[in-house]
Each structure stands twice: as structure tokens, then as C-alpha cells.
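Consider the two complexes below, in which chain A is the common component and chain B and chain C are the respective partners.
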Partner chain A sequence: MLSNSAKPTLLRKILSTPTGAIGMALLTTVILLALFASVLFPEGPFEMVGAPFRPPFGEYLFGTDMLGRDIAAGIAYGARISLLVGAVATLVIVLLGTVVGGLAGYYGGWIDTAAMRVTEFFQTIPTFIGAIVIVAVLGPTLPNIIGAIAVVSWAPLARLVRAEVRSVKGREFVEACLSLGMGDMRILVVQILPNVLSTIVVAGSLMVATAILFEAGLSFLGLGDPNIMTWGFMIGAGRSAIRTAWWMVTIPGIAVLLTVLAINLIGDALNEALNPRAKR
Partner chain B sequence: MNASKPILDVRGLRTEFRKSRKTWFPVVNDVDFHVSAGETLAIVGESGCGKSMLAHSLLQLLPKRISRLAAGDIWLEGRNIAKLSEEQMRAVRGKDISMVFQEPMTSLNPLMKVGQQIAESIIEHEGCSHDEARRRSVALMDLVGIPEPAVRAGQYPFELSGGMRQRIVIAIALACRPKVLIADEPTTALDVTIQAQVLELIDRLKTEIGMGVILITHDLGVVAEWAQRVMVMYAGRKVEEADVETFFSGPKHPYSAALLASVPRPDAIINGGRVEPLTEITGTVPPMDQLGPGCSFADRCERSADICLAQQPQIEMLSNGARVACLRAGENA
Partner chain C sequence: MWFANAKYVLGRVLHGIPIILAIVVVNFFLIRLAPGDAAQVLAGESGAATAEYMRQIREQFGLDQPLWLQFVNYMKNLLVFDLGFSFRHNREISELIMDRLGATALLMGTSMVLSIGFGILLGAIAAVRDRTLLSHVIMILAIVTYATPLFWVGLMLIIVFALNLGWFPTSGIATIGAPVDGFEYAIDVAHHLVLPAIALSFFYMALYTRLMRASMLETLGQDFIKTARAKGLSSSNIVFRHALRNAIIPVLTMAGVQVSAMLGGSVIIESVFGWPGLGLLAYEALFSRDLNLLLGIFFLSSILVVLTNAIVDVIYTLVDPRIRLNGGRHA
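Showing the complex of A and B:
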């Protein structure tokens, strides 16, 4: 019998696996960097602090760029944007995907057919090109970038939720709830969605990584918000000096890599913790 | 016979399924029956004879897209619930008529504590506070004979045994003191010792709450022990209805007789000193969408005559009080 104290918490389960522990450590570092950016670098990421093209591990930890801006400051402030975009875009995607997928899976019939045709429409658009077009048309502001990422990414999640809801809806306890006179919405929200939650959480956690990559890609192409320092923008700006100042592209590149890796590792650990049957 | 006024009175119920765009076929055909408070009516028949369809029709739980209540009235204490809207029907389900399903393993939500699942039903129908609902669900668990109900209420279904889970399912069904309880093969998934406990529990609560019980089963031993009246169904129709003593002293419909003959009898083996082969009814229930004009049991019936294939038998009252739908029931076999 499991008592409450013996039941391992989700966090402890994640930390007990090596992948989860490494992922958590990396992500915590990035989050702390983002939180304390303005304390560590009160002058901001755009301030010219010294001579241009200073190599890393000297006067400045990560060196300076061609305008003499501190790259370490850029990394810290860029972490804020990456995490913000990842979190907000994922929130929008999960909300949209769960509502559309949940209703389609629960009601079936023409609602399902209509919802699935709409998701197919979105799935046929090449995602990254779709995001580029949306940002190019609406203008490169942070809300537009987040919106564009959400618009091109919600459809697969909606289909996933729909499939899961359909399978849970076919189970006998849902029929039992109907026979007790519970309403559709109540059954969907109180009875079915908790059974689908682990799938949503795992898919959503991986979505954060994808969203961060999308934002970096857009900024790299010059479609980022020009008033905000982001990792993608730093890579794009440093590209012209890659042969003389390798650190200008490498360091933000490593930042993107480690953050995305951390979130993927956590996603895997979450999957294992929430779905014991997936263990080999 | 129970002389009190029936709590549930079903007249000429006919449920149809869609075959194609315009055509429908009946799965429950012209069924009449009634249940009184404190009485158990057993509905028996093979798989596919329409027992569960009948139960689902009473609560209008069949998918609206492919089925319809084509005719008939369902009188619940003077109110015809066959005519209610979906919204009004929701208030009846779980409150006036409750249902216990076959599989206690799957009829509970695996991710919700059992106490909470009982409370959900109370909150749905009586709109009381969560604390009040929780208190009442613990009392209900005590009522259905679960030891340490306060502790058990905080457990998940997988932490309970099959018998305990079925008790939880019954507690949920009884949460709002229904007038009628439909038990759809409530003990099929349980082993025999637990089966007796669960049926005894239903029987005890029936008297305490004063509800009518519709017991759907294919176990005639269960019928003999726990029911007051029996209704035999075949291919969506009622073929025989009688009180238990009359039924077991000599079923009049050939199908009922065949059902009774196919019950395994350990004593027959022991007494004779040799193993007797089990009597079986040859063939299967015909597909409901391919019924001919005559008696649907005719092609499996030992006593069928030409007239059976041509004419649909009507329910008639026999001298012993049984109601039978068989053209040859009056004749001596």
C-alpha cells in the first residue's frame, strides 16, 4: 500500500534518472541566468563595454563582438527571450491543441471531421516557412513571433490529444459516468483529460525545445524583434566574422544547443516517469 | 406476486438501430414489463438477445446517431421518461435509475480516488458541498460493507480487489438512493464466493432503500436464488415472463426450457455414476437485422411447426400465471 510520504514526487522521479538530472541541472542554470541577467549585467546587452573582438576567457568571460558588446550579457538576456518564447508558445499550443483535440475526440461526428480537416490544412504547411511568412507579413515583434510558432505547431498536438481522448472515451468508466447523468463537459474535463494529461505534458515539454529552436531560427534570419537581444540574432550577426572571431557564433550556438538538449532530456525523463510501461 | 404498484412500468418498448440511411431494424421489440419497489426482476437470455440493449434503452444511453426509441412508454412513478429531452434525462440517470456495469476493473476511473468518484455522483445530482459529499461517500462505503471506509476512500481503484471495486461501483450507483437499480451482469467478472457477497449486498440494499432491481444475467442459478420474477428474452423480444417458482417448476416456452436444460448439473453426474454430456441449444441467435415474419426461435426449436415460421406469436397468459409468446405453448409437449 502506498502512503503519501512513500510516494515519490514527480520531481524526484525525474531527478533519479541520469538524463533527467543532467537536463534539470542545465535548465536550472539557464533559468537562473535569465532571472539574474539584470543583476549580473546591469548595463544591458546592447551597451558597448570595451574594445571589439576581444577573445573569450580574457577580460570578458565570453569575449566581445564587433561593436564591443559583452557576449556574456547577450547570452544572459537572450536566455530570457528563449525561455519566454518557449514557455508562452507551448502554453498557447497546448491550450489550442487540447481544446480542439478534446472536443473532436469526445464528440466525433462532424465536429471531428471539421477539426481534422482544419488540422490537416495546417499540417500541410511547411512549418518553418509558414512561420517565416507569418512574421514577415505581420512584422517582427515578440508577440507575432510567438503567435507564428503556435499557429504552425498546434495541429500535431491536437491530433495526438484527439486520438488519446477517443481511446479513453471508449473505456467503460466513461459509459458509467454517462449512466450517472454527468454532462459531456464534466466528463471530458474531470474524467477524461486527467487520463490524457501525461501525454500532453510529455508532448508539451518537447514542444518547448522546438519553439526555442524556431525563435532562434527566425532571429538568425533577421526576423527577430530588433529591440531584443536573442541568441539567434547573435549567431546571425556574428556570421560575417566567423573566420576571425569564432566565439561570436559558437557561444550563442552552444547556448541554444544546451538549452534544447536540457529540455529534451527532461522530456524523456518525464515520459519515463509518467508512463512506466515505456521502460524497457 | 408482489401486489404493490409498479415503480417502473415499461409498455411496448421498441428500440431500433439504423441499417442504412432510411431503414431501421429493431433490437428491442415490443417489450412490456414492470418492477415494483423491493422486487428483483431477472432478465435472462443468451448473448445478443437484447438484454443490455433493453437496459441501455431505459436510460437512453444508446448513441443517438445510430439508434432511436421507436415506440413505447417508460413510466417511472407516473412520469413517462421515454419522452424526456436529453437534458431532463440526465437528471434521471444516476438519480432515479442507476446502473451497475459488468466489469468492475474498467468501470472506475483509474486516476481518481474511489471516494472522490462516489462524491462526484452526489455533487452532480444534489449539488451539495464537497465536504458533505465526501462525508456521505464514506458512509456509503460503509453501507456496502467496505472495511475502514475512510482510509479506502483515499485509495485508487488499482489498490482494491475486484470484489471491493464492484462494491464501490454499487456505492456510486446507490449514492442518490435510486428508485430502480439496473445491474447488468454485475457478478460475471467476479469469482463465485465474491459473487454471492455482491448479490446478497444488492438484495439487502434493495430492501433498505426500497428500490426495484433489474438483474440482467445469464446465470439461472443466480436467478433462482435472488430474483422474484423472471423475464426471458430472445432476439429482442420477451418470450416468457413468470414468477420464479412458476418458471423453475416448468418453463413453458421451448427456449426457456432449453436454457434451463443447458445448465450444468453436478448432481446428475454424481448420481448416474457417469458423465452426461451437457445439453446445448444448437445454432445461435439470428442477426437482428435478418428476422423473418415468424417466431425468431423457430429454426432452433425442437417443437416448431409450419405455422411458427409464418406467424409471430403474441404474449398470452397461461393457466399457471406465466406469460408466454409461443404458438404451441398451450399444447402438451
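Showing the complex of A and C:
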């Protein structure tokens, strides 16, 4: 389904829809910004480059903050963290969700019951408050933040994978594999999971967006790694100057908005390309 | 009938108990996962805790006893809703939480009504007027809003409507020094409520709009709608009496699920607007590193979600006769 030969067509399918094309263009911009942050702003995001409280679109493209740091540099370095958190958290979520959901859906029985009880627990706890508690207790480091986001978000994906695996498992070709004497793990990984992949890809792409919003929210509340410049931190820090310097909170927020929007648009386009019948 | 319903309700409530127990277990072990001495962690890192408070914490959590005994004691305390004492606020945590519950309920309730109401309305319009300019505008707004961080919406509303236009106050729940009861007070609170409630409802409104449109389009394509048209019923009659009522169900299901997420959103919105509810309490607890209080809020908000889920399920069985007893919810 997502084999190498099919990839160009999938990309073309995404680019052929207006939403997918806009999403791809936006996301590419953010990725380039993240990649070239240290080339564009070699002095780093914490360096005081000029006078504080400079408005945007003058000497500095996005102005400076209350300490004279270049906001454009913060946006570029913040892009790295947002994308990193979104990607790594989603990877962990997909891994956890696929393993738990796959095993529960394939084996059924007590494994399924136990797995569903656990996912129900994780779906019941208020996710964002859960993430706050984990980061507050374990300490605000980047791995803890990513871990916290993954821990509170994997359960819905596990349920989705479980449901899909169950429905695929009922199909005839699985019985054929069984009668051929194929092992459970081989059937699950080689035969069933490829059929579930498009669902995982679509759900996963939307998870990236959610993870980025979570990270922004956590660092806005002051739970970010203090040694790392993030968009959420910039908005939180700009709050104290909101009466005089609107741009300090507005510009990093637009960066979050555009990045999340880009990923959502790509997710929608992926959904249409991979699950044409489930078009919404 | 009523007996069967009562049995279902009871079953639903009992169902939540293992989840609440699991939350207690997680809370208990989370503190012990933290680097350093648990008493130090609970008291906060600032070192401002007195010897007296440290002793209280050790006593409450029984930190000098074996682990299993600590756990039993912890459970006993929670059963009588003794969440411990907050050194920073110098009050019982359960009292602190109860004091703040009303403000959060008011904010969340208003936001839920706003987001569900406008979500259904906009989604229905977008579906009925499918492929028109109006529906495109609604859907583009919904997609953009769906990508917007809650706290940023709040800050933008403050910049535009509080700081520049001066229509609404920037923070708090009431004007300091104004009357504290009666009609004037209610108006004052409502005035303070406008911006935070709008900020909190924005994201969910976008979600419900998208869901409602999809659900409405699906419903409008179903056979019973075709039958109604064939019977010669008027268009508005079909939309309002037949399609809308059916299309709403997935939106309400989603709204039930979103209560848990909305609690998280209210932490953010309350800290943006200084709205004195549970969320602001959590924010203050973060700042003063009052982890004991933070865990109490986490525990209580989890119970709130379990209760809401049970209530939503029960309402379903009353509203929709197709969902009953042995079956879960559909949609």
C-alpha cells in the first residue's frame, strides 16, 4: 500500500488537492526554517541582538522581545523543537498504539480485555492535566515532555488499531495464512498490519499536530525545558508585555497556528488519498 | 423498564470505580518516581517548607513506613476525601478545590453550551448549503480555528477586545470593590465571563462544526429523508424535524468525550484570564511547586470525568431508545 513504488503517486495525490498542496507548502517552509536556523541566525535564539521592544517589520523582521532577543531567531529555533516533539512523540504513540492495539485485536480474549481496560484508563484521565502532572513531577526536560505527551495520547490510537486489526483478522486471507501454517507474529506483522497502515498513517499525522499543540501549551505554562527556546515559551514570556508589545505573543502564536494547520491539512489530504470511501 | 434502567445506571457508576482506583495508584507511584526524597518533592523544591510541614507530609504519606502500608494509608485518606494540606495556601486541599469548583463549572458549562450550540448551527448550515460560498467560508474558518492554540486565542481576544477596544475586562471573575451579590454581581460576572468562555469554546466549536457537517451530510443522504421528501414535506421541515435530530447524536457523543480535554483547556484559559477556578489553582500550584495540591486537582478532575461519562451514558439511554442496557453507545 505504501510501498516505495507507490510513494510518488501518494505525494502527487496529496499535492493534487488544494488543502494538501497548501499544507505541504507550509510544512516545507517550517522544515526548511528549522533546518537552516543556525545558518540564518548563527548567534542563537537567546542572544541579545539589539534594543528591546523593537516593533516588527523594521530593523528586525519580527521585532525584538523585552530583552532585545531577535524574535525571528526564536521562531526559527522554536520550529526545531516543535517539529522534533511532534515527530518523536508521534513515533512513540504509534509504536505503543500499534503494539498494544495489534496484540489486543489479534489475540482477543484476556489480552484484549486487559488492554482495553488500560486504554480506557488513559482515555479517562484528563490528558493535558495528566501531562502537566507528569512533567511537573519528573522535571521539565525535553525527553520528559515528549514522554508525557506520548503517555497521555497513545490510547485512542491503540483502540483504533485494535478495531482495524479485528476486522482484517476476520477476512479469508488470514484464514488461508493460518491453514498454511504461518505463525501468529508473521501473520500480524506481515499480513495484517500492512492493511491497517493507512489508518495508522492518517491518525498518526493528526497526532503530530496534537503533540505540537500540547508542547506549546506546556511550555506556555512554564513547563518547558528552560535551556530551549520554544514558541510556547515565547508566548508565555511575551504575556507580561502584552499591553505595549502585541507582537511578542502574536507572532509565535501564528507560527504554531500555521504549523498545526499545515499538518492537519496534510492529514485530511492523506485521509482522502488513502481512504477514499471515508471522505469527510 | 425503570428497574432495568436503574440497574444500568448502577452498573455504569460501578464501572468507574476501577478507573478511579487506578488513578489513585498512579498518583501514589508518580510521586515516588520523582527524583529525590518524596517529602522534599511534595513540599516543593524552593526549600521554603518548614520542618512542621515536612513532618505533616511524612505523616500524611507515612513516608517512614513500608511501601504497602503507605499505600493503604494513602487509600484510606482518599476514601474520606482527605487530599492533604497545602502549605502554600495554608488550607486543606479538599476545601481549596471545592472553593474553586464553581468557577470552573461556570466557565466550562458556558463554553460547552456555546461550542455545541454554534457548532451544530454552523455545521448544519454548511451541510444544507453544501458547495456554496457560505459553506466554504464556514469550513475554512473551522479548519483554521481547529489549528489554533487555546491560550493564543485567549491572548488575542485580550489584545483586541480588552486592551484596544476596552469592551471587556482583561482578567478576574468580578470587579474588585463591586457588590458581591444580587443582580449587579451576576451582570459583572457575566461581563468577565465573555472572553474566557469564547476563548475556551473556539476550538471545540470548530470540532463540532466539522463533525456536524459530516454527520448532517450523511443523514441527508439516508433513505428516511428521501421518504420524507417523497411525502412532499417542506425542506425546512425535513431539515429541522428529521435530519437535525439524527445528525446531532455523534456531536453529543463527541461532546461527552471532550469533557476531559476541556478540563485541560480550562487550565490554560483560566491561567490566561486569571479566572479563579481549578485551572488557575493548578497553575498556581505549578508555580509554587505545590505538587500535593496538583495531584489533588488531578485526582478530582479524573473523578469528574468518570462521573460525566456515566451521566452522559445514562442520558443516552433516556434520550435514545435504541441504545439500551447491554449495548454500548452507537455512533
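Basically, the second predicted complex is superposed on the first by the 270 of 280 C-alpha atoms of A that agree within 3 Å, B and C clash if a C-alpha of one lies under 4 Å from a C-alpha of the other, contacts with A are read in each partner's own complex, and residues count from 1 in each chain.
Basically, contacts are C-beta pairs under 8 Å (C-beta built on N, C-alpha and C of every residue); 3 or more make two chains touch, one makes a residue touch a chain.
Keep in mind that this is a model prediction, so the values were computed, not measured.
K.L.:
Check chain A with both chain B and chain C modelled on it and let me know: fit or clash.
P.N.:
fit
K.L.:
Under the stated touch criterion, which partner chain does A:173 make contact with: chain B (first), chain C (second), both, or neither?
P.N.:
A:173: touches chain B, not chain C.
K.L.:
Counting only touches as set out at the top, which of chain B and chain C does A:217 meet: first, second, both, neither?
P.N.:
second
K.L.:
Counting only touches as set out at the top, which of chain B and chain C does A:137 meet: first, second, both, neither?
P.N.:
So A:137 only meets chain C here.
K.L.:
Answer with first, second, both or neither: which of chain B and chain C does A:56 touch in the superposed model?
P.N.:
Neither chain B nor chain C is touched by A:56.
K.L.:
Figure out whether A:105 sits in contact with chain B (first) or chain C (second), or with both, or with neither.
P.N.:
neither
K.L.:
Return first, second, both or neither, reflecting whether A:182 touches chain B, chain C, both chains, or no partner chain.
P.N.:
Once the two structures are laid over each other on A, A:182 reaches chain B alone.
K.L.:
Quick one: classify A:204 as touching chain B (first), chain C (second), both or neither.
P.N.:
Neither: A:204 stays clear of chain B and chain C.
K.L.:
Does chain A have more residues touched by chain B or by chain C?
P.N.:
Chain A has more residues touched by C than by the other partner.
K.L.:
I want to verify one number. Taking the Cα centroids, what angle sits at chain A between chain B and chain C, in steps of 10 degrees?
P.N.:
One gets 100 degrees for this angle.
K.L.:
In the superposed model, how near does chain B get to chain C, counting Cα atoms only, in Å?
P.N.:
Superposed on chain A, the two chains' closest C-alpha atoms are separated by 20 Å.
K.L.:
Residues of chain A that sit at the chain B interface in one complex and at the chain C interface in the other, please.
P.N.:
Residues common to the chain A contacts of chain C and of chain B do not exist here, since the sets are disjoint.
K.L.:
In the complex, go through chain A and note every residue touching chain B.
P.N.:
Within the complex, chain A contacts chain B at residues 1-2, 109, 171-173, 175-183, 186, 190-191, 194-195.
K.L.:
Within the complex, which stretch of chain B touches chain A?
P.N.:
59, 61, 65, 89-95, 98-99, 101, 103, 106-112, 120-121, 124-125, 155, 159, 169, 172-173
K.L.:
Give every residue of chain A touching chain C within the complex, in rising order.
P.N.:
Residues 19, 117, 120-121, 123-134, 136-139, 209, 213, 216-217, 220-223, 232, 235, 239, 242-243, 246, 249-250, 253, 256-258, 260-261, 264-265, 280.
K.L.:
Under the touch definition given earlier, write down the residues of chain C that touch chain A in their complex.
P.N.:
18-19, 22-23, 26, 30-31, 33-35, 41, 143-144, 146-152, 155-156, 158-159, 163, 210, 214, 260-261, 263-265, 267-268, 271-272, 282-283, 286-287, 289, 291, 294-295, 297-298, 301-302, 305-306, 309
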